[in-house]
Amino acid sequence: MGKRPLDILNNALGNPVIIKLKGERSFRGTLEGYDIHMNLVLDNAEELSDTENEKKMGTVVVRGDNVVYISP
Amino acid sequence: MGKRPLDILNNALGNPVIIKLKGERSFRGTLEGYDIHMNLVLDNAEELSDTENEKKMGTVVVRGDNVVYISP
Amino acid sequence: MGKRPLDILNNALGNPVIIKLKGERSFRGTLEGYDIHMNLVLDNAEELSDTENEKKMGTVVVRGDNVVYISP
Amino acid sequence: MGKRPLDILNNALGNPVIIKLKGERSFRGTLEGYDIHMNLVLDNAEELSDTENEKKMGTVVVRGDNVVYISP
Amino acid sequence: MGKRPLDILNNALGNPVIIKLKGERSFRGTLEGYDIHMNLVLDNAEELSDTENEKKMGTVVVRGDNVVYISP
Amino acid sequence: MGKRPLDILNNALGNPVIIKLKGERSFRGTLEGYDIHMNLVLDNAEELSDTENEKKMGTVVVRGDNVVYISP
Amino acid sequence: MGKRPLDILNNALGNPVIIKLKGERSFRGTLEGYDIHMNLVLDNAEELSDTENEKKMGTVVVRGDNVVYISP
């Protein structure tokens, strides 16, 4: 299976990531945790938007079924 | 797995949270409970809206599959 | 896990609730039952609508995957 | 759990019901069977429509994931 | 549970059925098989359309999650 | 259960099939494999389109939840 | 079952692939890993777009439920 997707997330813990959600929403932040559903914990999270300023959000727990991709 | 997403919810019990749902609906309230599906219990819940006044709702049970993110 | 979501439903049995469904549909009625999928039984149910008069429906069984939130 | 949703369906066997499906489709008919997924069997089913005449359909097996609610 | 939905499908084997799919697609054909997911096998299948001529398709295997209803 | 849907796929191995996906996408190709989720392997696959020329794609692995139907 | 879909992914490890996601998003990159949900790891990933320039993204973890097809 090569590098398993969840192992890549594990290697990214403590590091900045971009996550893209369904419906064009994106976050940038530090990946602090995840689980097998790809529920994610981001710290220092900012919501990115083409049309608005960035919105600083502190900690966010993202439900995994919204995730399109995660880029460490 | 770092900080597990449900542990973050556990730490937020009794504290104010913002939850964002699919379809642009948002709530602010006190997180009083959750389960493994991310079904949530909010107390003193208010529905937030860009276009309308806030709507005070008391207690709400949110079905987890609607959740995009939770910000403690 | 604090107050579990299904316990809140259990406490609401026999009492009036508002339920909001996906697609902006809402019901008001007496919560008479539920199961672990959040399938719900309402008695004296009325469908609420911004654009039409309320529609009285007697008993309704709502499939849980339509539920956004339940407010006791 | 109060009256369980599937028990309400069981009590409705042999009786007329209205079922509302996602996407505004509705049926009226006699509930002849169901299973735990809320797959349903209707007899003497008619599809209801705001814009067209009723369409008589005899027996229909409805896949449960389409169901919004069932009203006995 | 009355007549179970899959039993109705079993009784319809070898007989003509109409199946309605999500997104307004319909097929007419002979039901030759099914499984517990309501995946279906139709023979002599024709795709029905309000706007186009019928399209003859021979055998089709329909994935069950597309099914709205089956009418024997 | 009559002819089981996955048996029909098994009989079609090595033969040309048309597959229709959700969102009006279609492929033509040789069915080289499948699994219980209806994930499919096509060889010599061509994407069909009403509005564009056919696009030759070699081998494609299609995730089963996109499939509407498969016609051998 | 012929060639199993996940075996095709296994054979593609270390090689360039195109992946098409729901909502018309596409990536090109080197397949570095996958799991049984078709969660994927791409290296040297580029997001392809008809309307914008390609966006170079390094490593991406794609959640499997977004995948339409993978072409090695």
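Just so it is clear, A, B, C, D, E, F and G label the chains in written order, and each chain counts residues from 1 on its own.
Basically, contacts are C-beta pairs under 8 Å (C-beta built on N, C-alpha and C of every residue); 3 or more make two chains touch, one makes a residue touch a chain.
Treat the numbers as computed from the prediction; the structure is a model and nothing was measured.
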For chain E and chain G, chains touching each: F
Smallest count of steps, each to a touching chain, taking chain D to chain G: 3
Where chain C and chain F are represented by their mean Cα positions, the distance between them in whole Å: 41
Inter-centroid spacing, chain G versus chain A (mean Cα positions, whole Å): 18
Per-residue multi-chain contacts in chain F, two or more chains: 65
Sites on chain G touched by chain A in the complex: 10, 13-14, 21, 23, 25, 31-35, 39-41, 45, 57-63, 65-66
Footprint of chain B on chain C - complex, ascending: 1-9, 22, 38, 64-65, 67-72
